[in-house]
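As structure tokens, here come the structures.
After this come two complexes, each holding chain A, first together with chain B and then together with chain C.
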Partner chain A sequence: MSRGRPGRDDSPDRLYTLTGGRSSSGSDAFDLVTLIVAECDPVPGMQSEHAAILRMSRFPTAVVEIAAELGLPVSIVRILLADLHGTGRISARHPRATTYRLPDLDILEQVLVGLRNL
Partner chain B sequence: MDSATSDRGEPRQALSSTADNGLKIVIVGGFGVGKTTMVRSVSEIRPLNTEETMTKAGEAVDDTEGITAKTATTVAFDFGRITLDAHNVLYLFGAPGQERFWFLWDRLFSGTLGAVVLVDTRRLADSWYAIDRLEHHGTPFVVACNDFGGPAHTPEQVRGALDLPPEVPLLFCDARSRASSKQVLISLVEHLQHLQRARHPQPALQPPIPEPTP
Partner chain C sequence: MTASPSPLRPSALALLVTAAATGTFSMAAVAAAPSSIRVPLGWFAASGSLLLAVAACAVTWWARNARQLRAQVSALTADVAVREAHIARLTADAARETAAHTAERSRLVAGHTAEMDHLSTARAAELDRVTQAHAAELDSLDAAHRAGREQLAEELRLARSGRAAAMAAAANAAGRMQALATGMLADLREMEHKHADEEVLGDLLHLDHRTAQAGRLADSIAVLTGARSGRRWARPIVMESILRGAMGRIGGYQRVRLHSTSEAAVAGHAAEGVMHALAELLDNAANFSPPTAEVHVYVEEVPAGIIITVEDSGLVMSEVQLSRAEQAVTAESLDLAGLSGTRLGLAVVGRLARKHGLTVSFRPSARGGTGALMMLPQELISRAPAEPVPAPPLIAAPEPAPRTVTVPAPRAATVPAPAPAAEAEPVHDSADTTHDSETTGTTPVLGESGLPQRRRGRTLAAAHPEGPDAAAAAARTPAAPGSASQSAARFGSFRQAVRGTSAQQPSTPTHPEGNTQ
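And then the complex of A and B:
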């Protein structure tokens, strides 16, 4: 498989095929930093992108990291994730701070402590 | 400048199985200002690159009549990662600050803790649009001047040129330095704390109830 930039260089037809023609996951359920965790191993016959997602998310892996590793646009990855989530093959740990307003002070304090410990 | 990112396929450092809260900080700035350099300085992974293809908001996407009219834009961005503790993982996104990308912000970077506007003092005008949009968007931010070894500017000069409100922190940094980049992030989070405390004043600490003396 090409190690170039599949998302950018491949024909739109390939992306269309990956998602069965869908261009939207119908929800914004998966934030860029939602952490995905596989709930099962890949099984034979599974779509290769689905299998790859299950392999790379044995430990929590952000949506954006999955997109980067697959070399696919985030919007396409969201659709693939929705498929896997709908069949219970992955679970999603959503960010707790994705409100538009400022995050609570507890979270900010945790961030600050973590940064200072770098 | 450099947007060199790691090749896919190299082993990726896995997060702890306890990680359950992803957080976002966006580093925005003009082309070549050092966004990826700053991400690389503090990231625990080599910066990765991905992209998002989006259609402009408000345009019909499911209506076949509208397909020819809809415009899709692809935006590429770099990101890095910092594990803060057993639960919190901070993702840093280097985002292009050019005008044509800003309609992406709502969906791509909503929920971000805040932003760092990285500035090259030789090209201050490159930052005007980003600062204007962040203010309009209500995203808290700090401004960090990356040191390119040019003539020194005083903070007052930079503030004046950027028309920066006094409450917005202004820092000077070296994006190649881990310690310096880390300090920029710390300053942003301290600014967020300050804003949050100002918005929701904490009740004054009650003096501890004295132990009853026997």
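And then the complex of A and C:
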């Protein structure tokens, strides 16, 4: 494991306390690449993960990116997002809905070149 | 003489007899005498007979009287003699009795004296004997007492050493259980990151919860046996994590409601103890309230420190129970004898409170149950939240290296920015500076290519809670992200792709970095 010494974890928070014991978001509105946009600013007294998500997603941010930044499993992040979504604090956009047409071949070529240059 | 008729009758008899005899003789003499001398003779004979009769009568009278008097005298003499004899006898009797009485008295006195002597000697002897017996008894008792005392001392030594050994064994076992629980929690966290399946995740969370409770029990035993506390956090822990860490260790954590806006953090060395003590208070509150009632936790910052209040709406503790609970958490020395297997909580809280200088008190709650107040002294509190502090410099530091030299200014400007603002909300500040430098709006903007234009991975590790090591490692060894967690690895390649294209078009005016100039 990458966090510090093996057999140790550096956060006293257990994941079930973040979600109140839930392990399922109950909705499949969020997949890995769903873009999340905050609809309001964090308010004091909010769960810190919710506040972090709202700060992070002032601009569209993918679920997987949020998960990586929070260092939480995607399933847990989905539950947090579902909570926020349920109270209208965020909105979710699926990339497919906005980019239905294929991008230009030039762009794809440039991406390919870029990838090769890595 | 009428008093003595007896001489009268013989006198009269003698008178009659004499008179009769003499009369007869006189008559005869008168009758025989010549007529010439008859008359004088008559007279003479008559007077002589009369005189004779009187003389006879008087003689009889006197003789009778004399005899009677003689008899009387002799009777009186005899009487006197009898009386004298009686008196003599009585005198003799009295003398004898006096002698007997005197003898008896002297005998009794002698007997009494002898008895007294005997008794006093017997008493002295008895006293000696009793004194000796008492002394002997005292000696034997003393000896027995001394022996008993020595035996007791020996047993006490044995008990003490046994207790110490048992405590050491329990402490050792508790320490190993703590280590196991800590390792299991870390493993479970790793597995939770690995398995995306919701069902598996649910099971893992369940196990996680159970393990956390087992770990708390091991912690309790470790605290009671005086073992070293289980874990030490390397950095201050923010209050929210303290509360959630405490809450996660009890069975009914879903009934706990947290009300905290505190930004303070608890120093790393005390964080575990505070969490543990709070967990015990929460457990008490949850156990002694109805299964559906909520337990509320309030955090209040006061000049002396931070007060954490745990309020339940369960049983109202009586004055006696309240004072007993207070005594349990403030007792100077822990009395292990008063412990019962199911009521370790308050003793643990007391130990932890003494160790970290916490103040715990109880009062009736406005919610109807009991409120437990725990005050954290100022020494345990660090105001600068540690979690966000190291993050901004750490992502800013590794990033300039692979960046092209065309955009050093904004980075150089953002690097010092978070440092002074670290006291407040560093993440927020650094995010703001980045936002100001970007052209994208609040809605997703499609680039010329038609692809949704994403911001750079500006804060990949900004809020990365994995800590400096992970972020630095990810940045230093970008080609080998396998050491990172799965999602981080996935995102690492994503980010590399973004970085590659930006390196290819450093001077593109639409590039976000370009617009910061």
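The criterion applied here is as follows: the second predicted complex is superposed on the first by the 83 of 118 C-alpha atoms of A that agree within 3 Å, B and C clash if a C-alpha of one lies under 4 Å from a C-alpha of the other, contacts with A are read in each partner's own complex, and residues count from 1 in each chain.
Keep in mind that, in the parts below, contacts are C-beta pairs under 8 Å (C-beta built on N, C-alpha and C of every residue); 3 or more make two chains touch, one makes a residue touch a chain.
Predicted, not measured: the structure shown is a model, and the values here were computed from it.
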Partner chain(s) touched by A:Leu112 [first = chain B, second = chain C, both, neither]: first
Touched partner set for A:Leu18, first chain B, second chain C, both or neither: second
Which superposed partner A:Ser48 touches (first chain B, second chain C, both, neither): second
Which of chain B and chain C A:Asp31 touches, first, second, both or neither: first
Chain B versus chain C as contact partner of A:Gly88, first or second or both or neither: neither
Which of chain B and chain C A:Glu65 touches, first, second, both or neither: both
Partner touching more residues of chain A, whether chain B or chain C: C
Which of chain B and chain C A:Val74 touches, first, second, both or neither: both
Common interface positions of chain A, toward chain B and toward chain C: 3, 7-8, 23-24, 35, 37, 56, 58-60, 62, 64-65, 67-69, 71, 73-75, 93, 95, 98-99, 103-104, 107, 110-111, 113-115, 118
Chain C-facing residues of chain A, complex: 1-4, 6-21, 23-25, 35, 37, 44-45, 47-48, 52, 55-56, 58-60, 62, 64-65, 67-71, 73-76, 93, 95, 98-99, 101, 103-104, 107, 110-111, 113-115, 117-118
Contact set on chain A toward chain B in their complex: 3, 7-8, 23-24, 28, 31-35, 37, 56, 58-62, 64-65, 67-69, 71, 73-75, 93, 95-100, 102-105, 107-116, 118
Residues of chain C defined as touching chain A within the complex: 182-183, 185-187, 189-190, 192-193, 195-199, 201-202, 205-206, 208-209, 212, 231, 233-235, 237-238, 240-242, 244-245, 247-248, 253-254, 259-261, 271-272, 275, 427-428, 431, 435, 438, 440, 442-444, 446, 449-452, 454-455, 457, 459-467, 469-470, 473, 483-485, 487-488, 490-491, 494, 496-497, 500-501, 503-504
Of chain B, residues touching chain A in the complex: 7-9, 12, 14-17, 19-24, 42, 48-54, 61-62, 74, 76, 79, 81-85, 87-91, 93, 107-111, 113, 138, 140, 178, 182, 185-186, 189-190, 192-193, 195-197, 199
